[in-house]
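Pasting a structure below so you can have a look.
The chains carry the letters A, B, C, D, E and F, assigned in the order they are written, with residues numbered from 1 in each.
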Amino acid sequence: MKQFEIQNLSAWYHQNQVLSGVSLDITLKTATAIIGPSGCGKSTFIRCLNRMHELSEGARLEGKIILDGEDLHGQQIDPVMLRRRVGMVFQKPNPFPHWSILDNAVSGLKLTHRLKHSDKFSIAESALRKAALWNEVKDRLNQPGVSLSGGQQQRLCIARALAVEPEVILMDEPCSALDPIATARIEDLIHDLKKNYTIIIVTHSMQQAARVSDQTAFLLHGILVEMSDTNQLFTSPKDSRTEDYITGKFG
Amino acid sequence: MKQFEIQNLSAWYHQNQVLSGVSLDITLKTATAIIGPSGCGKSTFIRCLNRMHELSEGARLEGKIILDGEDLHGQQIDPVMLRRRVGMVFQKPNPFPHWSILDNAVSGLKLTHRLKHSDKFSIAESALRKAALWNEVKDRLNQPGVSLSGGQQQRLCIARALAVEPEVILMDEPCSALDPIATARIEDLIHDLKKNYTIIIVTHSMQQAARVSDQTAFLLHGILVEMSDTNQLFTSPKDSRTEDYITGKFG
Amino acid sequence: MRKKHTSREYESELKDLKSQLATMAYDVKAMIHDSMNALQKKDIKLAEEVIERDFYINQIELEIDEFCLIILARRQPLAKDLRFITIALKMVTDLERMGDMTVSIARRVIKLQKMPPVKIPDKILLMAKSVQEMLQLAIESLLESDATKADQVLEQDDSVDELYHQNFRYLIKLMAQNENLIEPLVHLQSVAKWLERLGDHCTNLAEFVVFKVSGENVRHVSRAK
Amino acid sequence: MRKKHTSREYESELKDLKSQLATMAYDVKAMIHDSMNALQKKDIKLAEEVIERDFYINQIELEIDEFCLIILARRQPLAKDLRFITIALKMVTDLERMGDMTVSIARRVIKLQKMPPVKIPDKILLMAKSVQEMLQLAIESLLESDATKADQVLEQDDSVDELYHQNFRYLIKLMAQNENLIEPLVHLQSVAKWLERLGDHCTNLAEFVVFKVSGENVRHVSRAK
Amino acid sequence: MIDRACRLICLSAIWIPLGVLFILLFQVVLQGSERIGLDFITSFPSRKPELAGIYPALVGSCMLISLSALVAVPIGVGAAIYLEEYASKTAWTRFVEINLSNLAGVPSVIYGLLGLEIFVRIFGLGYSLLAGALTLALLMLPIILTASREAIKTVPKHYQEASLALGSSKFVTILQIVIPLALPGILTGSILATSRAIGETAPLIVIGAATYIAFIPDGLDSEFTALPIQIFNWISRPQKAFSNDAAAGIIVLLIILFSLSAIAIFLRNRYEHR
Amino acid sequence: MFRSKIRYCFERGLIAFWKASAGLGILVTVSILFILLSQSIQFFKQVSFREFLFDTQWTPLFADKHFGILPLLTGTLLTSSIAMLTALPLGLLAAIYLSEFASRRSRIIVKPLLEILSGIPTIVYGYFALVFLTPVLQKIVPELAGFNALSPGIMMGIMIIPLICSLSEDALFAVPRGLREASYALGATRINTIIRVVIPAALSGIKASVILAVSRAIGETMIVTLAAGQQPNFTLDPRVPIETMTTYIVQVSMGDTPRGTLEYQSIFIVGATLFVLTLAMNFWLNTTKRGMK
């Protein structure tokens, strides 16, 4: 089953084309990693998938993105509604600083006026459990979200994204601000989450891509060079440019 | 030959002890890596070696550090002079933004009133060559240092440290702000530099430690757990805590 | 208590690899047992079955190899984990080769069928029993990360070699006595050779386990004596 | 032009590994050559020398193993590099085993000395020649990353096997004709067996090279036919 | 939809003050245009509105401001450096800091009272150029100080560490690294303070500004007048015609101020872009 | 050797100068306190504390002298309140527009324009209030006197807008972009994001700007001096002339009042009151700012 079908996607910032004709499919309930050198358009690519791209200045795109059979840029798709189906986790952990852990966990519902006060606690608990954070915070739910450690904050951000019950979770280098221990925790979490969600993760670290993903796409200068099964891509890639990149021949 | 002998070094910030009785020797013209989880005192350790530690508020230390046979805290050692023998490169590339590439390269001499104007160019050239940056910048020496890319800036910082002709170069996570390509360049540079300098490098990445260093020290909660030959430490460490850490058993 | 990897997936991958190796080794052990049974009982069908089973052993070798490659690519193992993966890569080769040897034995069983019957010497049966014990010990030492069991394997190999040499002289004598039996006896000598080699491979397995557990390389040390 | 690794140190490590493997293989080839020479010329001294040289082969095996482990730990190789390291780990085992076999041959030379002289069958000499050619091809295919040369090795192994079977029947016949010669002929049969196995090991080497170059696993495929 | 409405409401909030600014400028130019001219600048004040000029006021303002900047800038910047770089963080320095930030919020008339009592009366300077300049310098001091401290604080710590690690002393580091990097902030702060001082009227009135001076000050102890005082004087006259003089004076004052802002913007851009 | 000696002396000298400069700051505060206090003591030797606080008339310059601070306080309160009522909504909305809606280009243009507004001397605003705004307001508000609290109050508000706008905008803009994106990514609309994420995150900065603005309005002198009249009426009616504390100080200073007289001391007691008020605001401001960190 396909979650996303991306057809011939190109994207620009002002005159500057950063994605050229990217076509790929993303399978339901798998983890897909996007790798590539800095500035190759990884972030831009996933920001297209929840229409965050269009919020940037001078941003423009062409091509088709089909989510669950629906055109993402179709008339009946409201970008605000779309973003509830396609959650996102950012590079730097960024819980809302003025809210408690509890409120942060349900912030997606708070912000969209869908929170019944009676449900608040149970929703927060379930989201925090899914994000493997519940046991660490259950005794301090009313402390501010920023009082947590970096890795915990990032899991809180994941819980926040889970609470709105998305189908897809986009992650833009979710571990690059974390130490190896926190990183291992998040990677394990991703491994659990992909049973229920479609996950697309951008990462600088090939090793991380190899660890967490089922499929890996390699982008170079905005062009999709190769998308393969992760195990295959890292042991015997098809394209020699992929081979060069993953074996460290950058020259 | 020993460059540093560190005997029973303990360090504090105010009441908070961050290093406890670290004793180790560092061999002349080798690369030594310091690894350990976040907050274990790696940065503090190398900042003791050029007496930058004492500049922090509430900082205090005990124990002996012997550089080339001389006690680092002896009467006749001037910390300012010492820092010319023990250079340092920081986590974030930080060339002085108000100076050109040329001036940055010789900034160590400029700042210590030791620069004859006639030597400036030749000193800069030799330092930039040693830092493997000369070919990339020789046509733009008068542009500001911050106009370079991140990896180039970091090499400029290395050149700046080399220009004062130190014996030792301390590096505190020199690649953590860089992408994999720039990182590979710096690592290669370190490999060349250790022919002529003693290098001590703090790094978050065990892989990087394995790649660049001859000796590796593993710190945990301010205690030196193990210091061994790098190849040995990463294939068959002596201490089970090292084993657990490098095989990812952080629990 | 043994500490676990923070990444549960990695932990389970390593466990998987271990149990796959053990399963393969048990399969090989069963093949040794069955091929010798076939030899004793002149059971052609059993011999053919053994030959067929080698196909799966080959498959498993390839699978484990690939699995190791994937773990190396995905996890960048270090220290004990790294040693484990590299010995796994080597152990499957040994195990596969051991499978081949049982096939060779089984083939001899079929060939012997068409020749004048010979009695299987006790020494050969003893060797077979010993080799199976060694393999069992090697598997246990792997599963339990127990270097002492591995050491026992190394010791036992010497007795297998001794049996082989005694058997060799005995067979030569037999051949000289009865020239009709030369061909079947040469085949039996081959079987003995395979069993001796099986013992050597068990030794290899045990040496690898020692390396994994302690990081110490005992290869070519034990043999040198 | 082939792209180089951005890290020059890594590039040179991989090159080193390759040339160490090739050197080891050439050493083994020389040992095959010398042991067969000793057999033909009944040159005990040469045979003893071969036996001694195996010590170094064992050393080199351990060294390359360790080197591979270190590269795995330090570089986290991927793709072709990773495949290379894993096959290197396997190739050294094969090469070491091949060294052992030349030792076995050399030992037979010494034993044969004390027995009634037998003529070395041509088939055995042919096999030896063929095996050396195969090894040469395997080394070249590794050095040149050339899968076609590796394929040639696979083909040539069939002819070695054919020679072995012919030789086996020939030796059995000889034994039946002259019971004095049984023991030396059994030893010759062993030599033939080693040569056949040397061919098999060359095949392994070639299969590994194919895997390294193309990522395709041809093991158990070529053999199946 | 709601987004658009909000955007519009917010946008109107921008246009109201800007509209007032434009009307103000327009009004001033309209009223002042008939008086403005070279004569106006080079003439002394007069009882007749159509002859009056701002020559002494202009010269007075210039001298006053140069003098107070000369006093206030080095002291303000120096104090900022000391507090940021040398003072250890004891309770005493915290007290000093709170004090200084409070000074920035003290209304300017109070400085007038201070100048009146200290400089005019206790030091006996009388109503002189020096007393005026020192009073304005006091007023400028906290502004320069806060801006400079802010500028020094935003120089990333790692530049100083880099310099120290190269073996340079703290003093050289401050001189060669900290001050150059903080310069845009220090300069804009100083210019801002100067513009504030140019327009200040109340403190000068409080220390006893003479309202009618028909000569150019010839020394530090000389009496003087300044542009805002002259304008105040004109506004306070009942005759409508003086109102035009005031407008013309305001035009001159605004031109001076705008030029100063332009310089500040220019400097900021120039130093920040490298 | 010689050069390094010079360098050393230069270094010592300069550091000593910097230290002295920092000390001067204290000296200024101490002198302010000292003179205000000493003159006030003189003042209270002649006027009772009770009268000062509770008398509703302030007529030191008349023959019938009354020294009740209340009329001056209400005058100040009235103009400041009007100013804040004008400046607060406009300043905040403008700040929100600049940080949330404006393109980078218009932000670069508009911000300096608003800063010009804050750089214009208060005497100019006073002139404008008197000459332009009061006549205009007189057409709208019946019974508006020529001098009144309304016109200078609004003018002060206009003057303060850039202060509130600029500081609040800094606070809003400093809210990390990631926080906004996180909110959008959770499916929140722009308005929701502004109201529930951006403003709360910038709240302490906004609060600081407001306190600063109030303190500024209380201390403002020239606008009220020119346009509010100089009659200490005890009233909250914005249409009639009033007098603020600052105006009183200026009014007395314009005459030549000899030192030591009661009138002379009265400006210091008014100054002291003003000082205490603004000091309170400042302490509040500082605690708010510290809360920000």
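We take it that a contact is a pair of C-beta atoms (placed from the backbone, for glycine too) under 8 Å apart; a residue touches a chain by one contact, two chains touch by 3 or more.
Just so it is clear, the structure is predicted and the values come from calculations on it, not from any experiment.
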item: Interface residue identity across copies subunit A, subunit B - same or different by half; value: same
item: Chain pair, A-F or B-D, that carries the greater number of C-beta contacts; value: A-F
item: Centroid distance [mean C-alpha coordinates] between subunit B and subunit A, Å; value: 35
item: Gap in Å, rounded to a whole number, between the CA centres of subunit F and subunit D; value: 93
item: Between subunit A and subunit C, centroid-to-centroid distance (C-alpha), Å; value: 48
item: Two or more partner chains touched - positions in subunit D; value: 6-7, 10, 66, 69, 73, 75-78, 82-83
item: Subunit F: positions in contact with at least two other chains; value: 189
item: Where subunit B touches two or more other chains at once, by residue number; value: 113, 181, 184, 206-207, 210, 234-235, 248, 250
item: In the complex with subunit F, residue positions of subunit E that touch it; value: 2-3, 6-7, 9-14, 16-18, 20-21, 23-24, 27-28, 31, 74-76, 78-79, 81-83, 86-87, 96, 98-103, 105-110, 112-114, 116-118, 121, 138, 141-142, 145, 171, 192, 195-196, 198-202, 205-208, 211, 228, 231-232, 235-236, 243, 246-247, 250, 253-254, 257-258, 261, 265
item: Touch list for subunit E against partner subunit B, complex; value: 89, 156, 158-159, 161-169, 172-173, 176-177, 180-181, 274
item: Residue ranges of subunit B touching subunit E (in the complex, touch as defined); value: 50, 52, 55, 57, 80-84, 87-88, 90, 92, 94, 96-98, 107-108, 110-113, 144, 146, 157, 160-161, 164
item: Subunit C residues within the subunit B interface of the complex; value: 3-7, 10, 75-83, 214-215
item: Interface residues, subunit B side, partner subunit C - complex; value: 206-207, 210, 234-237, 242-244, 246-251
